[in-house]
Amino acid sequence: MTVPQLSHTEMAARVARDIPDGSYVNLGIGMPTLVGDVISAGKEIIFHSENGILGMGPAPAPGEVDWELINAGKSPVTLVPGGSYFHHTDSFMMMRGGHIDVTVLGAFQVSEQGDLANWATDDAHLPPAVGGAMDLAVGAKRVLVLMMHTTPDGRPKLLPECTYPLTAAQVVHRIYTELAVIDVGPAGFVVRDMVAGLSREDLQRRTGAPLTFADEVAVLVPAGG
Amino acid sequence: MTVPQLSHTEMAARVARDIPDGSYVNLGIGMPTLVGDVISAGKEIIFHSENGILGMGPAPAPGEVDWELINAGKSPVTLVPGGSYFHHTDSFMMMRGGHIDVTVLGAFQVSEQGDLANWATDDAHLPPAVGGAMDLAVGAKRVLVLMMHTTPDGRPKLLPECTYPLTAAQVVHRIYTELAVIDVGPAGFVVRDMVAGLSREDLQRRTGAPLTFADEVAVLVPAGG
Amino acid sequence: MIDKRVASLAEAVQGLADGSTVLVGGFGAAGVPVELVHAVLDQGARDLTIVTNNAGSGETDVAALIREGRVRKIICSYPRSMGSIWFEEFYRAGTIELELVPQGTLSERMRAAGAGLGGFFTPAGADSLLARGKEVRMIGGRRHVFEEPLGGDVALVKALRGDRWGNLVYNKAARNFGPTMATAATLTVVQVREFVELGDLDPESVVTPGIFVDRVVQVEEEA
Amino acid sequence: MIDKRVASLAEAVQGLADGSTVLVGGFGAAGVPVELVHAVLDQGARDLTIVTNNAGSGETDVAALIREGRVRKIICSYPRSMGSIWFEEFYRAGTIELELVPQGTLSERMRAAGAGLGGFFTPAGADSLLARGKEVRMIGGRRHVFEEPLGGDVALVKALRGDRWGNLVYNKAARNFGPTMATAATLTVVQVREFVELGDLDPESVVTPGIFVDRVVQVEEEA
């Protein structure tokens, strides 16, 4: 069954709407990077990159690439006026020390307590790798997760407990998927937005833990729908 | 009885002789500051100041004082070419982290184990004050003490145990006084230099712990003698 | 749009609550945000804990706060500066509390707060009276004392130049505690000699990135 | 007279002993001291422990050291870089040991070594498998894990410009781990693109003061 769903860009735009003007923001590798491209023109957002950049700008024009100015995903970026460079230890002071207002991270699983699993699966074939996720997850003032609602083979990623190794416990504030926007609160998962044409039962079926619904659930309308 | 003795400048010059070319040196407040003035012209020594200066130069000419360029004793200084400024936390990384080759400190007392007491006496009238002495004492590669051999009223400052509160235990390598140069080793105080005209018994009488003497004790000749 | 510049010293210290912990930059006279401290004097907050290297001098800055009975406790490494009178007077009278901290530990404890760390072991002071009542542990054959992070409600910092994002550069040895204190407080307030346009500061040479700064006020000084 | 400049890459890595711990700067390809790592390859030291963020890529730098069987253990946060082959191959064969450390903890542990601290408590990773076997403590209502200092026998760092005292400035995001690694090793070796005269670097903008540097070698690069 095909369900209505947001595109990756629409998902990123929905995240971007929740980022207040003037925020210091760190975007994780992968889909979260898209959020940087869809910030509304009226907002001044300062992007942080773990490798020592504050005021990171968009990708450079072809031919103007400097491989000593890259983001956490190792892609070339630029610096905006007012930006600055610093070393890794100072950069992680910002991340772990509560100075980043918002981080947007990908995830394998999120539990209804806000536990985050986004660094290791149970695949023993790959060597483990962690990067900066653990520092960001414990340190950012607000941790937003941007991910697909289920795994490619349809298993739920929102769960009563994470089965994959934890990145950090009780840190996620809000989850954005192609189907819904879900808060993580004392009472577990609370749906705030849902994609048009999806029933509450459909959404629950794709979710591994019980959902409650906000008094007014906003409707997300995909461009295609 | 008047005993032959070195002047403060001669004491400082004796310390300076022991500082190798190319050393990074931190001079404590008071008499140790004199060492900076008597380094031989052939040596390039880099002076560190706890308040964030490396490559500290001599006092400025009158009229060229910048009160935002001062040393640990709050006196105006200058910066030599190749010098740099940094913040306090980085400055104390240098001190505590073993990056300073030599520190020259004043002291109230030194024990034969190399314990240093240089921050508090038993005078309860004054509020206590510690500054950067504890970080320097534990962190510098070589801790030299420059002080008078006894208190103004003749009590010994070189002791079996310090009676004043410790700055740090087992840190002092060598002591320079107006009467002698004394190493602190596994066997306690070992006299390396003595001022001309002073007998070993005279020196021992002014010292609170047993002295041993190096195979060849060098003679210190005061300008006045 | 981000604009951390405020128009007056009064606005810069607005909202400072009684009982706050205030980090005050400076070493000797260099880097002391004198005008900001005097603005706190005017603002009226009481029962303050002041974290600073020295305890002020003469009748200005932290000494004036002490004189006016506004300081409950001082956390510092060296309260007896040249020309310091008021700290000594209140200390002898038993009306001010003193927590003495080795200078490197003072700076490192503030850094730990700014860096989100839960504390650290240092050899500095581990053999001394200042380790009394604290956890001491042998590490690598040497005594270390456990020191806790030390954050502030407010940091008052003096810098040379700043822009509307709060990026800062300092002047010479007036830098001292400023960059660390800026990271360690909930509200970081900075007085600068000069406002500059965004982009005027070299990105390689910014000392305090604006992320650590909340308010910037210009206080001109004679050169 | 102090002159830390050396004339060749071979001289820069001279004396590196078998079994050494080597800190290697860089994040992705930015700031990796490729020529110094290749000089270690030529120099011949074996049984190395390499501390670095990634595990090299393709056939160059740390990947080449691994390929040649010279690396006993790697301490890093993210060994699986794009284009990394050799680490994976040796890891699957069980012929290289991996100590995985969260990136901020990796950097902070090296800083602790450089700063003469005995270790610290961090919340990063405290809820994770990476805290297994380590001391965990509740601080301020939150789990923290105790992390030990991580120093090196040698640090290999890449900078932009350096002078004969070893003062350094870096280029953009190639700064990354360099300044911290420089503080954390017994012998710090730096490759710079350009030697400059003493006094040419602005004292307000020196990133690594020369006190942390032992040898500097010039490796020119195309712009």
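When the chains are written out, they are named A, B, C and D in that same order, and each has its own residue count from 1.
Please note the rule applied: a contact is a pair of C-beta atoms (placed from the backbone, for glycine too) under 8 Å apart; a residue touches a chain by one contact, two chains touch by 3 or more.
Source: prediction; values computed, not measured.
Colleague: Report, in whole Å, the distance between the mean C-alpha point of chain B and the mean C-alpha point of chain C.
Modeller: 30
Colleague: Quick check: how many Å separate the C-alpha centres of chain A and chain C?
Modeller: Inter-chain centre distance comes to 35 Å.
Colleague: What is the distance in Å between the mean C-alpha positions of chain A and chain B?
Modeller: Once rounded, the distance between the two centres reads 56 Å.
Colleague: For chain B, give me the residues that contact two or more of the other chains.
Modeller: 79, 85-86, 92, 95-96, 138-139
Colleague: Would you please write down the residue numbers of chain D that are in contact with two or more other chains?
Modeller: 108, 111, 115-117, 122-123, 170, 172, 204, 207
Colleague: Linking chains that touch, what shape results: line, ring, star, complete or other?
Modeller: other
Colleague: For each chain, which other chains does it touch, given as pairs?
Modeller: Here the touching chain pairs work out to A-C, A-D, B-C, B-D, C-D.
Colleague: Over in the complex, which chain C residues touch chain D? Could you list them?
Modeller: So the residues of chain C in touch with chain D come to 108, 112, 115-123, 137, 139-140, 142, 144, 169-170, 172, 202-205, 207.
Colleague: Which bits of chain C are touching chain A when the two form their complex?
Modeller: Residues 1-2, 111, 113-117, 163-165, 167, 183, 198-199, 201, 203-204, 206, 209-212 of chain C touch chain A in their complex.
Colleague: If we count contacts the way the header does, which residues on chain A are in touch with chain C in the complex?
Modeller: 21-22, 24, 44, 46, 48, 54-55, 79, 81-86, 92-100, 138-139
Colleague: What part of chain A is in contact with chain D in the complex they form?
Modeller: Against chain D, chain A makes touches at 49-53, 66-70, 74, 79, 85-89, 92, 95-96, 115, 119-120, 126-135, 138-139, 165-169.
Colleague: Enumerate the contact residues on chain D facing chain A in the complex.
Modeller: 27-31, 77-82, 87-88, 91, 98, 100-105, 107-108, 110-111, 122-130, 143, 170-180, 207
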